[in-house]
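Would you mind keeping the following structure in view while I ask a few things?
For reference, chains read A, B, C, D, E and F in written order, and residue numbers begin at 1 within each chain.
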Amino acid sequence: MTESLAITKFSDLANPTRFLSLSGRILPWLGCLTAGLFAVGLYLSFTTEGDYQQGETVRIMYVHVPAAWLSMMCYTVMALSAIGTLVWRHPLADVSHKAAAPLGAAFTLIALATGSLWGKPMWGTWWVWDARLTSVFVLFLMYLGLIALNRAMDDPSKAARVSAVLILVGFVNIPIIKFSVEWWNTLHQPASVVRLDGPTIDPEFLIPLLVMAFAFTFLFFTLHLMAMRNEIWRRRVTAQRRMAARMASRES
Amino acid sequence: MMSLLLRDLKLSVRAGGGALIGVLFFMTVVAVIPFGVGPDLNLLSRVGPAIVWIGALLAALLGLDRLFQTERDDGSLDLILMQEHPLVLTVLVKCLAHWLANSLPLVIASPLLGLFMNMSEVAIGAVAVTLLVGTPALTFIGAVGAAVAVSLPRGGLLVSILVLPLAIPVLIFGVSASYAAVQDPAPFMPPFLILLAITMFFAVIGPLGASLALRNASD
Amino acid sequence: MMSLLLRDLKLSVRAGGGALIGVLFFMTVVAVIPFGVGPDLNLLSRVGPAIVWIGALLAALLGLDRLFQTERDDGSLDLILMQEHPLVLTVLVKCLAHWLANSLPLVIASPLLGLFMNMSEVAIGAVAVTLLVGTPALTFIGAVGAAVAVSLPRGGLLVSILVLPLAIPVLIFGVSASYAAVQDPAPFMPPFLILLAITMFFAVIGPLGASLALRNASD
Amino acid sequence: MGHGFYITVSYGVSGLIIAVVLGWIWLDGRARQRELAELEASGIRRRSSAPVKDGAA
Amino acid sequence: MRLTAEGLAARRGEDLLFSNISFGLGRGQGLILTGRNGSGKSTLLRVVAGLLRAERGKVTWHSGEDAVRASEACHYLGHRNAMKAELSVHENLAFWKDFCGDLPGGEGVPVAQAAEQVGLGGIAHLPFGYLSAGQQRRMAFAKLLVSYRPVWILDEPTAALDTRAEATFADLIRQHLGRGGILLAATHQPLGIEGMQELRMTGFAGVAEEFAA
Amino acid sequence: MRLTAEGLAARRGEDLLFSNISFGLGRGQGLILTGRNGSGKSTLLRVVAGLLRAERGKVTWHSGEDAVRASEACHYLGHRNAMKAELSVHENLAFWKDFCGDLPGGEGVPVAQAAEQVGLGGIAHLPFGYLSAGQQRRMAFAKLLVSYRPVWILDEPTAALDTRAEATFADLIRQHLGRGGILLAATHQPLGIEGMQELRMTGFAGVAEEFAA
């Protein structure tokens, strides 16, 4: 069967069945790639030298920074899907941002947890209300709010459209998180990798960091695809149950 | 009666998304505060109890005014009034359900927020205890307001004049008891006992007043 | 459009009593904080602007969740959606009415609270001006939350959870502009202009988002 | 506490969170597939198993 | 068992809507209120149900030896359905069954059976808000079946119903009367039940007297 | 002037309620929807009014040369009356008159006259919440008169009305059709207007396909 490889039109992907078979084919590869990257990344992150200033704890960076990036990227993915929902009415876009919200919350939680675990030795406290930290916390709350909104409405396509609006409006928070350090000049490290004038970080740390960042990114896509498949199946189950119930009540 | 309690709990869980909502709300409020007063941990820990109490008041106010109005709008209130159960009891149960669904999560979440606000263990405990004792009074006072709102279609102003001034003593004794627990010269017990007395008082007066107002709802 | 504005104002006077409950809540917040901060007048005047801003932010949440819900419940929303007036404009006018009835009283009351908090004249003026400029943004953001929650039977807490995170930038710049007016090195204008820009931004985004949500939530 | 403790705990917490998410998604998928199989077994056919008519518009 | 009203008068605002209305209904008897819009049918029903205070007169309910508050012996189905849109039909009905309980002398049918009897057995699991207007009305009627009350007070029960449902309702009412129940209903369309008394309301019995007198 | 619907399909939840419904209505024509409770009449009306998104198909309105959004040419009277209980009837009607405005080709009557035409001239000063069910329905109908729209979409307009008011409504609808208006209505009771087309809805055309496919 080669027909599903010949996806030419964008709208072909709109067909959940086609999406299921395609993603089913991709997932094993994606999973393997993720595992491999993690193996390399973890190896590198435990074998590189410690920082003269931060000591061994710099190793936390290899988890903390990718998770923090992912927490923002996940929201960006959701925002793109939200556009898909509102503009193209793409049924997969609905599924996509619904499935991404819990993942975003998870990555944000990791960033928060590792950040405060890093903060204790470096700053001497678990938590400070500095701008960056608080805005990440707010991002976490926004993910939870979106999950709560999705759960509170039971018509899935309506819930998807309405939360898409909210996602887009809430997108204003992403730049705030990204630039909060520059704006308020607080405790937290300013960006040293992703900046306009090129990275200022030592390649000693940069390489494991980048490998881990890729590992996290692929992990996100793997999980996202899996969650989307689950959501499609869930909707398919309810649709078929309804169908069955209707048919039964027709016959009687 | 049990079924009324269950139904009201179910309704509040269905409509707003569950018990976690209260916690989430509280966390949002607390997360907003440092943006205003700044990251000064010392200051935060000092205003902490007050903020937590204000959050509780806000949460109690949001939605409480519609405690009976939703029942009236869909006609359920008529049927509730017709039953032989004493109306006071029905009102009490509705208050209880509202408290369980809206205030109890806040009480439970308050230690967490205390941690965020860098409050001492004693202060955290004191806030939680005073909230546990004080929030029912807020609910009972709110119930009177809600009942008045139902019986007087244009009672909006009256309700706010009725509810908030009555709620302020609760808030004041709650907050001052919490502070008394940490600040040395002031003893914890007197304001706490007054808070307890206020709650007892409103636990009787509130449902009575509310059921009186409901009976007189003129349509 | 004028008629919509008038109707909404009339309704909020007749039915909600929204203005008063907001102001009373606002005053309650400001009355409770001194318990935490203690009698230190100096400190009090320092946190004053922040407290007033936080109070205004929280008070703006009261009643906001029902901005569109009442319209939906009686079927008016259907007719509003059908008209040829651009929906964005309609939402804008409804926001304006809500702001006039609920937030403007807060702005007007704020100098009084400033006096309570022992703030200097300059600080009081700055807070009032920043509130005047900043509260519309809160209303516009709230409109999005209200529109998103319109199909939920009771938005209450959920709306606040959705709205508060978005309101944080407004709070930040409002407070920092107020402080800049009193603390010497920092200039008042930059944060104030940013606040103005934020309000402008949300004056566009808010109604757009709300009308998008309303169109999509109707059933 | 040494730095090692913080490093271990952060890697541990991250691993735990990822494991929980992965496990939840995995189990959820298994449950949904089982439901689908049950429905299939009880004779409710998916319509796409009939000749495909393009309904993607 | 007897429901009696003596010299009832009621007002809305300042207007006296009716005065001196009396009737008595025994086992198996029914009274239909008719009259123009605004003539006070709903008002009279609410007075009998104890939801509005009568200006004068009183309503009593005798069962066996002692007289109790009439409202406790009544089911009231008003213009509004008294069901929660967010709860499923089953949850709604189960709540009312439990909350109202049965009065001595009869027993309510189980929830599923009640839904069946109004012709909507299959959809009791749906949230009430998802039903169409007519389906909602039917489910509100099912409330009368799940707990026993000797007196049924119905305000335009057949509004929004299709003809099949109307016939079903008429059947259910007939069964209720047959079991010795009492019916008090306001309608614009004939219910199609024989042997009912009828009371034509005319509305506006004069401005309330305390000021006009 | 023509209202056309082509190949409409709509769903509620996951269920497709109807599919492939087409009709065209010109000046003075009317279409009555009938069918059992829950068969999708209200849903179809809401789709035509632009309040629900059609799953497939489209509704267009041609007046003169250009086609506009159909919903702007329509008055929609649903199950709910779209009036505020706290405002007086007059305030309510005046608001809608002002807010809706007139479409070219006709003109709404003044508020007082509209209240007169539905037979309630005397009580326009009362708060809307004080009216009886039938009076409320009539006032909601008066909304159709105060601003001009060529298409009237009515969902069970005669529920809760007495026979006299029903006749009044039928008259008003006839006048509307006589002036070249278009009517789309769902009812259980015949409206008593001759020369209407009728569409019988049956309900449930299948489960929506996107995920069931």
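Methods note: contacts are C-beta pairs under 8 Å (C-beta built on N, C-alpha and C of every residue); 3 or more make two chains touch, one makes a residue touch a chain.
All figures in this text were calculated on a predicted structure; none of them were measured in a lab.
Asks: Moving only to chains each one touches, count the minimum steps from subunit A until you reach subunit D.
Replies: 1
Asks: Relative to subunit D, which chain's C-alpha centre is the most remote?
Replies: Max centre-to-centre separation from subunit D belongs to E.
Asks: Per the centroid of Cα atoms for each chain, what is the distance between subunit B and subunit E, given in Å?
Replies: Subunit B and subunit E have C-alpha centres separated by 37 Å.
Asks: Averaged over CA atoms, how far is the centre of subunit D from the centre of subunit F? Could you give it in whole Å?
Replies: About 47 Å separates the centre of subunit D from that of subunit F.
Asks: Just give me the whole-number Å value for how far the CA centre of subunit C lies from that of subunit D.
Replies: 42
Asks: Mind pulling the subunit E residues that touch 2 or more other chains?
Replies: Correct list: 79, 85-86.
Asks: What are the residues of subunit B that contact at least two other chains?
Replies: Subunit B, residues with two or more chain partners: 11, 14-17, 21, 24, 28, 31, 35, 38, 73, 153-154.
Asks: Can you list the subunit D residues in contact with two or more other chains?
Replies: Residue numbers touching two or more other chains: 46, 48.
Asks: Mind listing the subunit A positions that touch subunit C in their complex?
Replies: Result: residues 86, 135, 138-139, 141-142, 144-145, 148-149, 152-153, 155, 158, 161-166, 168-170, 172-173, 176 of subunit A touch subunit C.
Asks: Okay, in this complex, where on subunit E does subunit B touch?
Replies: Subunit E residues touching subunit B: 46, 49-52, 69, 71-72, 74, 76, 78-87, 91, 94-96, 98-100.
Asks: Under the stated contact criterion, what part of subunit F meets subunit A in this complex?
Replies: 13-15, 204, 206-208, 210-213
Asks: Would you tell me which residues of subunit C are touching subunit B in their complex?
Replies: 14-18, 20-21, 24-25, 28-29, 31-33, 35-38, 43, 47, 50-51, 53-54, 57-58, 61-62, 65, 73, 152-158, 160-161, 164-165, 167-168, 171-172, 175
Asks: Given the complex with subunit A, which residues does subunit D contribute to the contact?
Replies: 3-4, 6-7, 9-11, 13-14, 17-18, 20-22, 25-26, 28-29, 32-33, 35-36, 39, 42, 44, 46, 48, 56
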